[in-house]
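Chain naming follows the written order as A, B, C, D, E and F, and within any one chain the residues start at number 1.
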Amino acid sequence: MDRHSGEYYDEIERRLYTSVLADVMDDLGYRNQTMRHDIRPLFEGAKVVGRAATLLMCEVFQMPAEPFKLELELLDSLEPGEVVVLTTQGSHRAAVWGELLSTHTHARGGRGTIVDGLTRDAWGIIDMRFPVFSSGITPADSKGRLDVIAVRVPIEVGGVLVQPGELVVGDVDGCVAIPEPVEEVVIERAFEKVAGENEVRQVLAGGASIRQVFRDYGIL
Amino acid sequence: MDRHSGEYYDEIERRLYTSVLADVMDDLGYRNQTMRHDIRPLFEGAKVVGRAATLLMCEVFQMPAEPFKLELELLDSLEPGEVVVLTTQGSHRAAVWGELLSTHTHARGGRGTIVDGLTRDAWGIIDMRFPVFSSGITPADSKGRLDVIAVRVPIEVGGVLVQPGELVVGDVDGCVAIPEPVEEVVIERAFEKVAGENEVRQVLAGGASIRQVFRDYGIL
Amino acid sequence: MDRHSGEYYDEIERRLYTSVLADVMDDLGYRNQTMRHDIRPLFEGAKVVGRAATLLMCEVFQMPAEPFKLELELLDSLEPGEVVVLTTQGSHRAAVWGELLSTHTHARGGRGTIVDGLTRDAWGIIDMRFPVFSSGITPADSKGRLDVIAVRVPIEVGGVLVQPGELVVGDVDGCVAIPEPVEEVVIERAFEKVAGENEVRQVLAGGASIRQVFRDYGIL
Amino acid sequence: MDRHSGEYYDEIERRLYTSVLADVMDDLGYRNQTMRHDIRPLFEGAKVVGRAATLLMCEVFQMPAEPFKLELELLDSLEPGEVVVLTTQGSHRAAVWGELLSTHTHARGGRGTIVDGLTRDAWGIIDMRFPVFSSGITPADSKGRLDVIAVRVPIEVGGVLVQPGELVVGDVDGCVAIPEPVEEVVIERAFEKVAGENEVRQVLAGGASIRQVFRDYGIL
Amino acid sequence: MDRHSGEYYDEIERRLYTSVLADVMDDLGYRNQTMRHDIRPLFEGAKVVGRAATLLMCEVFQMPAEPFKLELELLDSLEPGEVVVLTTQGSHRAAVWGELLSTHTHARGGRGTIVDGLTRDAWGIIDMRFPVFSSGITPADSKGRLDVIAVRVPIEVGGVLVQPGELVVGDVDGCVAIPEPVEEVVIERAFEKVAGENEVRQVLAGGASIRQVFRDYGIL
Amino acid sequence: MDRHSGEYYDEIERRLYTSVLADVMDDLGYRNQTMRHDIRPLFEGAKVVGRAATLLMCEVFQMPAEPFKLELELLDSLEPGEVVVLTTQGSHRAAVWGELLSTHTHARGGRGTIVDGLTRDAWGIIDMRFPVFSSGITPADSKGRLDVIAVRVPIEVGGVLVQPGELVVGDVDGCVAIPEPVEEVVIERAFEKVAGENEVRQVLAGGASIRQVFRDYGIL
């Protein structure tokens, strides 16, 4: 399947989840791919799969000459299948994502947003069921508080280095980033592992010894 | 409209939200009016608008001679349209709000509660849909752990200085306080801005350039 | 009623809640029995009552010779009526509980899980309505990151010392542990206090003076 | 020796230290008597022994009618042999101790100050070698930021409950509080343990097996 | 005296201190001018007075095309009497100041450095007695970890907004920034207040009532 | 020179420092070798170089059957040139190092101690000038609070993975660990870089342009 098609992202969204992806990456030696646990979905059932369009933000202490300049450029350049991935480097001074940006991103074929930082207009985002993951919510706007200083560069999000274009996945457990060099094998093995887990689940539900199950299937 | 009437508070509750209020205050130079993002509503859809009846609490390490004395006096003096606004100054030793206090406050015409601190009896509060905002939930009672030392005085709640009688608003995005001197103009402009945002939303949903929209409307 | 029977746990789950249990223990001088407020239920309505089967975990920085060894032994030894109680001592490196372990525990008659640490597979746990309380959620597995070093020993969970076999209760307000020596009297008085609170609620809903109510009933 | 005499305090100051006092209290089952490790001496060699004159402070958000009222009353009532013990309950908004208060306290026979909070005028305090222990230093004054709400009451300092009149000891390792009921036995055993440690030190310096030493002396 | 001369800075350094400056600014209604208390001098006796040459730093996650570009430009543009004032916005990933930069700054007539962030080469800085204030020390270099994104702009340092050219003062108590509009009056009153404190100190050292002294002199 | 001889460690201690070692490792792509900045030397001038003898500690909540068992075994097995490297995984419940252990370690030829956790008996350790680095100081003993669960295994100390036998270096700037595979080249290049820095220092002290110096020497 074309790894840059909507079908590919939809298929992953439907059948995989972040914990199985994290397990497969662990086995391949990629052990730092899960974002910090305070980056949470805005609503129950939110799930996102797509390619990272990254933005790096920094606190500012005066109104920029052209507020939002780089951010708006990035948003107008969005391609279908992209996920906006943003970091404020730990700053919680203001929200850096909201409902109007979500509306625009959705209209351009963007699949969601992951923010290491705060968001706002949660009522509108939840209402349109646009999958946004963030460290929290605040009414405060970013204008004159935080501004984008670089786009489509490597950034650290929730403690994970995310490369532009990298596949990112978020669900109720949190978010993971899948490095390009192993993406194909990770997705392939994840589909296999999901099948195995379904079997294990059946056996355990029947009251089996968990030690026996772990010996037989090697997964938990 | 009478700025101390139930109709006034209801109208704000129905048509405005905290992010637009924060934006208008930002433009007027009041840039520190949004409370820290960990003060969250207890249930989805909770919204509160009213005048702050403030309480200042402090940790205690022995049982007070008359536990809850000042707090109960304040609660018996509540006027319709008031919102109980409480701070424990960061202490998370015990809950300082609960279901019985909510029942009383509701019976007296109080419109909700904002706590920089913990609450409890969440089951009962959620059940009666009384809008409570807090930094978290714990089963522990405040008796002999925290006590009110002053009422109807200025307090800092979630990093915002709140004056007694000031208009406070809370929704899914968090809470804001609106200083008396600008209340009238803030509310007026917020109604206008909400109208503008509705128009921008339509344009963006149609796939417009976000840079063009920002140039045309000046809002995001 | 047999204090080790399912009926006993069910009765407590149906009629009591953690805040009333905390109040009764406070009155008896047991004032440090409520766990830190960041240990939260995974879904609305989750409630757990049962006897603590404790596990103590520690970070590891290489793959153990036999990963999960002690943990699996404990899980295979679970008795009906037990609740798995786990601490990672503040480590948030990985999830130490998930959906397959929940399936197994449920099959063995376990009544729920309380984790001072992270969990994962929230989708599956929520789906089966198995009551899990934790400090957060992450996709990362514990294998090679955290391992159990002792089972059925005293541990500190959310700041509360929990003895193996001790009654633990969790609901929307959080979790409490009830020391064995006072369990009987605590449960008895809690049933009484619940009845009193119902009466107070009625009086307050009618608009009574809260000072008068506090004088008359002594509870809030 | 008179347990309220300067000779008694001086003797303890000269010959004992906080770690040996903590060990002896541990053995007696008093295991929560050492204050949080961020309460540090202002200068090398600072050491304090005396009876706690306690003050409880709380943040305020307007200028009090009579700033410092209770604090000054306490300071004018100080007896020789007392140590001022203060908590701001975690607030770091301002310094609550300084050089002029130190000068006064020293003139009245006070032996030092322990602050769970910040201090200032460190230059002057260091210069007069008055033993002050605090959580940090700031130039900001407490006037209109923090005020004393009770004196000579039980308070929690660095996580330890301190009763008025209780013996407190601070040195380079930190601070401890010694409950009145065990003070006599603690001091007595501490003198003995110090002697034992001197012997162990000699043996270990000679290159002995530490397992053998621990078996022989039971201390480390 | 010329407020931009070395004599002016020297005089302040010799005779004033940060706590008295903070007090005078408090009285003038400038109550947020003292930096967070974790910004500490690198050695005992370090004191700095001068005009802020500000730098704003941001985390980066790849090697910049020209590392240190803006920083070096600023350093080559330093004027005598300036103090380098830097913020990393809370990032502790690497040191942003060191011994070679200190050597250069000293050679150019710079009077010191205040860093809301980490420094390194403490041995060399201490050895040359160049007054550096920072939030801590680490061996890690900033290259590819943090980079300057703007110079001579308003920045927030330890929670205080610092304007370029503003007078900053640091000593053992911490650091303050003095806004330009009030600089003249602040310095003038501070000299007066220091004289008053010397008198009060004498009176208190004689054992006077502190309440009486506060009534007579109005300072503490 | 023999990389396991006292001469080798002494030479590094005399002529190198942690910041230059961190720089060289950065250039080789080892960018996570500097420990968190809160691990500080106990006294001015403390410096340590040697091979890591690692201990992993965990909180316990009852007295172990044989307290200190593994720890004492490790201490009796110490070889000259070793440095005790300990982590409590963030626990600050008690001190895990003290004066008697220092005396023993020194007697056995151990060169120092690095603790991600607390220490005590600072008076004695400072007095004997034994180089101990720790996250803080407390009088509380570890007995029944923390116990060693593994020795000579890989551990994480201040965020750095340390292998047993790895070279660790600590000075006023903090601590670094040097991975075995690059130790030889790191030490060699560090000696060269120190020479270069001495030259740069001279040029800068003469008032040179820092941009020119950076272009000419490539170091800062």
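Criterion: a contact is a pair of C-beta atoms (placed from the backbone, for glycine too) under 8 Å apart; a residue touches a chain by one contact, two chains touch by 3 or more.
All figures in this text were calculated on a predicted structure; none of them were measured in a lab.
With steps allowed only between chains in touch, the distance from chain B over to chain E comes to 2.
Of all residue numbers that take part in the contact between chain E and chain F, under half occur on both sides, making this a different-residue interface. The interface of A-B is repeated, with over half of its contact pairs matching by residue number, by A-C among B-D, A-C or C-F.
Annotation: D-F is the more contact-rich of the chain pairs B-D and D-F, by number of C-beta pairs in contact.
We define each chain's centre as the mean of its Cα atoms; on that basis chain A and chain E are separated by 41 Å. For this pair, chain A with chain F, the centres built from the Cα atoms lie 37 Å apart.
Work out the mean CA point of chain A and of chain D, and you get 50 Å between them. Distance from the chain D centre to the chain E centre is 31 Å, each centre being the mean of its Cα atoms. Residue positions of chain A in touch with at least two other chains are not found.
Looking at which chains touch one another, you get A-B, A-C, A-E, B-C, B-D, C-F, D-E, D-F, E-F. Taken in their complex, chain B has these residues touching chain C: 68, 72-73, 75-76, 92, 95, 98-101, 103-104, 106-108, 118, 120-124, 126, 136-141, 143-144.
Of all residues in chain F, only 17-19, 21-23, 26, 31, 34, 37-38, 40, 171-176, 197, 200-201, 204-211, 213-214, 219-220 touch chain E in the complex they form.
Across the complex, chain D meets chain B through its residues 56, 58-62, 89-91, 149, 153-156, 161.
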